[in-house]
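For clarity, chains are labelled A, B, C and D in written order, and residue numbers in each chain start from 1.
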Amino acid sequence: MDVDQLIADARQVARLRAMEETIKELWVAKEVVGSTHLDIGQEAVPVGIASAIRREDALFATYRGHGYALARGVPPEAMMGELLGRASGINGGRGGSAYLTAPEYGFYGENSIVGAGAPIATGAALAGRYDGSGRVAVTVFGDGAMNQGSVHEAMNFASAMKLPVIFVCVNNGWSELTPINEMVADPELFHRAAAYAMHGERIDGNDPAVVRDRVGDLVERARAGEGPALVEAMTARLVGHYIGDAEVYRRPGELDRANQDEPLVRLGRKLAEHGVEVDVIYQEALAEMRAAADAALANPKANAATAKEHVYA
Amino acid sequence: MPDLLEATTETTSLSYAEAVNAALGRALDEIPETLLYGEDVGTPGGVFGVTRGLKRRFGDRVFDTPISESAILGSAVGAAMMGRRPIVEIMWIDFSLVALDQIVNQLANVRYINRGTVTAPVVIRTQQGMAPGACAQHSQSLEALFLHIPGVRVCMPRTAQDAYDVLVSAAYSDDPVLVIENRSLYHLGKQEVVVGGPVSPIGGSKVRREGDDMTVVTWGSITERVLDAADILGAEGIELNVIEALWLNPFDTQGVIDSVARTERLLVVHEANLTGGFGAEVLSRVVESGVRFEAPPKRLGVEDLRIPAAPSLAGNLAPSIESIVRAARTLMR
Amino acid sequence: MDVDQLIADARQVARLRAMEETIKELWVAKEVVGSTHLDIGQEAVPVGIASAIRREDALFATYRGHGYALARGVPPEAMMGELLGRASGINGGRGGSAYLTAPEYGFYGENSIVGAGAPIATGAALAGRYDGSGRVAVTVFGDGAMNQGSVHEAMNFASAMKLPVIFVCVNNGWSELTPINEMVADPELFHRAAAYAMHGERIDGNDPAVVRDRVGDLVERARAGEGPALVEAMTARLVGHYIGDAEVYRRPGELDRANQDEPLVRLGRKLAEHGVEVDVIYQEALAEMRAAADAALANPKANAATAKEHVYA
Amino acid sequence: MPDLLEATTETTSLSYAEAVNAALGRALDEIPETLLYGEDVGTPGGVFGVTRGLKRRFGDRVFDTPISESAILGSAVGAAMMGRRPIVEIMWIDFSLVALDQIVNQLANVRYINRGTVTAPVVIRTQQGMAPGACAQHSQSLEALFLHIPGVRVCMPRTAQDAYDVLVSAAYSDDPVLVIENRSLYHLGKQEVVVGGPVSPIGGSKVRREGDDMTVVTWGSITERVLDAADILGAEGIELNVIEALWLNPFDTQGVIDSVARTERLLVVHEANLTGGFGAEVLSRVVESGVRFEAPPKRLGVEDLRIPAAPSLAGNLAPSIESIVRAARTLMR
């Protein structure tokens, strides 16, 4: 692969990683409060997807969705502001870490209800039938979400109506503190696509290029009217389910291999072959994110007087 | 809201079901973003025949769905966020409980989280209420559940005219609206209905009978019993001021308080279970206003029961004409 | 097949049919009121299942479940009483046509919420893990119910835990007024079993012997600890979704073949080979059911004064 | 209920989470039919650590489940119908909305339809409430939804002792019980808790402060603020009679009426949205009783809002010590 593309991917992965690490620092410093779910180790999925879809496409994620927003183009300061409860946050602090949204960037939001984004994304695709946009909807959820009724309903609905929806299941092996393999009889979750006569495949979720290629193909296939698909992206969450998770459920050494196989380390190995140091890229990203955090911190907190606005038209 | 003030009106003879159909037809006709879908809503024209002919008229914008309430409601949220104006049907309000998340945790939050820049103007049509032989899973009156959820408007039309009017208002509203119809009313016979004409904003109640002795607030099909009771009481010289709360959110609190200020007596009647019913809210708002009472206000509803199927068991559980008359007489003492 | 078994099956199918026809008469006479869903044409499924399971097994059905109760052994008079709102009804009139239940006969009830019986049946099977009963749960629902989230959740739950549940999908081609084939991308619904690494098969749902054999095998397999299964029983509903349904959605001649292929006609053909007239059996059954109806009609209506009992312990 | 009147008691120092754990351990220990399951409840010991150690102690009777609330609740209904006594966890009350059907249309009906011959003694543990940073989908106080549903008992413990007691009572109760805990309370520190001893029947409220000037009815964690407000008002000579409604169904209506009969003033405070909140029910019951009021009764709750994540936005939406003090002072005028 082209070194420029490798660098571009590494830069995006590094930005997502650095954002999460910065958020973690802010959380430890008690500037960010409440449940905060980091996507560390899983960044190749948002980076790959965001580079595979068009401006008019609609992306839906979960509470582990900061990276999806950033990859879609939300400015770091607006992200930090949101997590820090600033008026300058992308939702003025209303969404927070686990429910932020940025429609103006084609990011139709995080969702803190497991599985709930799938039917909503299906509706975004449905709208495309009428508005001439050619929109494809991409909805991302975890392995555990595959067992939620709403995901089943969405897949059937999309497939029966041949709607352009790509269901991306990020299989990181864990649903909170419980291993997915014990919660399903067949741990190859992409097999479920067949139940809906839908294309399904399992891909390497730690390589942005793979994600871009495969999701890209399926997005264009969907746009061409050939219906939805299910992609199971295999990856590992290198940190707790949320910040502060003691991770008592991990087997010893569980992450040893995953730490060598994670997107940034992998990209680092490839870039090294071209004489590029990934750490330089990461440090640059970290500086960007820390600057964004500082800028956000300097902004005023969301104004309590506005909290009651916009419940109704 | 478009400038429809000069739209022509027409008076025509319609059943409640036909009035709903006319409102849906108007919305589909006037608002190109409108979609209409749900189980059996398209080709077969609805399990109660309410949407008959609309698929033929509006083609792809009207369609049937799988039996997947989460997908129906969730897709409506998503389509609305993209600029469509879906009108979806949940066949019985009882079935909303398999997918309430999409209303409460999703639909109700869209405008708020987006600070108004993205909204979800979804209309959910459903119907509820007791009917002879209907089982406990098909008999509940659940408006109170939705009235506790900020972000979703709720109305409950009883007459054909109101069924038409509230649905047109809902279709034009930028808020999500739950329209609770009643299957017992769909095919009761024709009424004169004015169709076309200006679109009213959502909200408002109707004074169905003028009276100075007592304010009775009610909604839904049980209003008929209240009006019958009012006739009986009127013959005894007790004059009820009957307010039908067509819209429960927004609720016409001031209208009710003004009436009670005059009558100094309040009775609230609904078909829902008493405990936690919206009657408690109405009573509380009036009492909190500090208005003077001649007698303690009172609510009538179902006495916190599951609903049995047998007519002999279920027939007397909701407030009856007699129980309303009795309650009113007691309040007059 | 043994003629005695043929006769026994015909007798049961005839009883279920005659019960439904009698209920229809009572409905037309306005003695039975409200939504009433008849199982006419589909009787081989309840008859087959009931003869395949043991006393301690638990059967769950839908609103279209009169026949399941009868096949489990509920006396006709208690059935008629229930539909007629009599105190003598199996639930004293509380359940009615669409929500009656008879645990004392191993019939754990109809359910008027599409799909809701599946998770409940899964719990009945779960209980068997602890109570030493060896119970298998059989849950029956329609084709349309396959698209409901709760059915998906139940299948995954049962399969992940290897619970003894047989999911029987009665595919009659219609979900109320909508054809199932337009609501799914793959109309062979039993394929969905694979999503849960569960055994799935499609069977002839118009032959009680086939239903008995196949369901019986799977029930014993489940009892032996080999997990749940999905059976798709193909049949046709020869009447409306509910009594009074104008059936405007039918294509002309749609039922011509089905009317020749329905369980009673089929059994009639087979019995004729043995010189047995199925109509005699049917008339006997009809007499039984009409007598039951008459007896039930003579009983007092459910007493209004009891309506408020048993909400709480 | 078994004869436990002679069971030995012990006083021990427990956090709220540990008290819940102790009650669960006791139920599993004393009632062999008890099962305990839900998402992350088994091996990992719960997402809040509440069920820690129970799987090790009770083996197969404690287990983890898929993220399938309909399957969790539905299987509990089915298992209970067969004689088990499942205690299941719904991690946040907000998540109950993906599966409310199994509570309202299924669980609540079992006893009624079967006329008591088959019942479903399920305990559903959940937790709710606002907490800093929590989003709109994780902040709701939804008790009112369940309080409108006949057939399901509801309680809301605040102290470690109450958390223990209500859960033991719920486990022994033959009614389905929803126990609404609060994640903010789980790990606040140790309290003295009496464990063991006789099992109380469900129901009942607690007078947390004696006073003659005003009755304040409250429940859940916000009771702390009410008590703080009562201290402030006490210093001003306004003495509140604070009743904490541990059990909301059954609700101690008579206890509240008796108190108001003495104080002639009533304030109800909850963390739920005001409109359609259970405060309306409490107020209505007292007013309907005809008791005399010196000033119109009043409710305090969240002003019908979605809950924003930012602490600066959300911090002041629920009744605060100040707003309670202010409301009480106004009532005294």
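Operating definition for what follows: contacts are C-beta pairs under 8 Å (C-beta built on N, C-alpha and C of every residue); 3 or more make two chains touch, one makes a residue touch a chain.
A quick note: this is a predicted structure, and the numbers were derived from the prediction, not measured.
Chain centres computed from CA atoms place C at the largest separation from subunit D. Here the CA centre of subunit A is 40 Å from the CA centre of subunit B.
In terms of their C-alpha centroids, the spacing between subunit B and subunit C amounts to 36 Å.
For the pair subunit B and subunit D, the distance between mean C-alpha positions equals 31 Å. Looking at subunit D, one finds that residues 65-66, 68-71, 94-95, 98-99, 101, 105, 109, 112-113, 136-137, 150-151, 304-306, 308 touch two or more other chains. Among all residues of subunit C, those that touch two or more other chains are 92, 94-95, 99, 111, 113, 116, 147-150, 153, 156-157, 160, 182-184, 311. Chain contact topology: the protein chains form a complete graph, every chain touching every other one. Per the touch definition, subunit D reaches subunit B in the complex via residues 70, 94-95, 97-101, 104-105, 108-109, 112-113, 136-137, 140, 142, 144-145, 147-151, 249, 272-273, 275-281, 283-284, 287-290, 296-299, 304-306, 308. Residues 39-40, 43-45, 47, 64-71, 94-95, 98-99, 131-138, 303-306, 308-317 of subunit D touch subunit A in their complex. Those residues of subunit C whose C-beta lies close enough to touch subunit D in the complex are 58, 91-92, 94-95, 99-101, 103-104, 108-109, 111, 113, 116, 118-131, 133, 135, 137, 149-150, 153-154, 156-157, 160, 309-313. The part of subunit A that touches subunit C in the complex is made up of residues 147-150, 152-153, 156-157, 159-160, 162, 182-186, 191-192, 194-198, 227.
The touching residues of subunit C, counted against subunit B in their complex, run 32-36, 85-86, 89, 92-99, 111-116, 144-145, 147-150, 175-178, 182-184, 248-249, 301-304, 306-308, 311.
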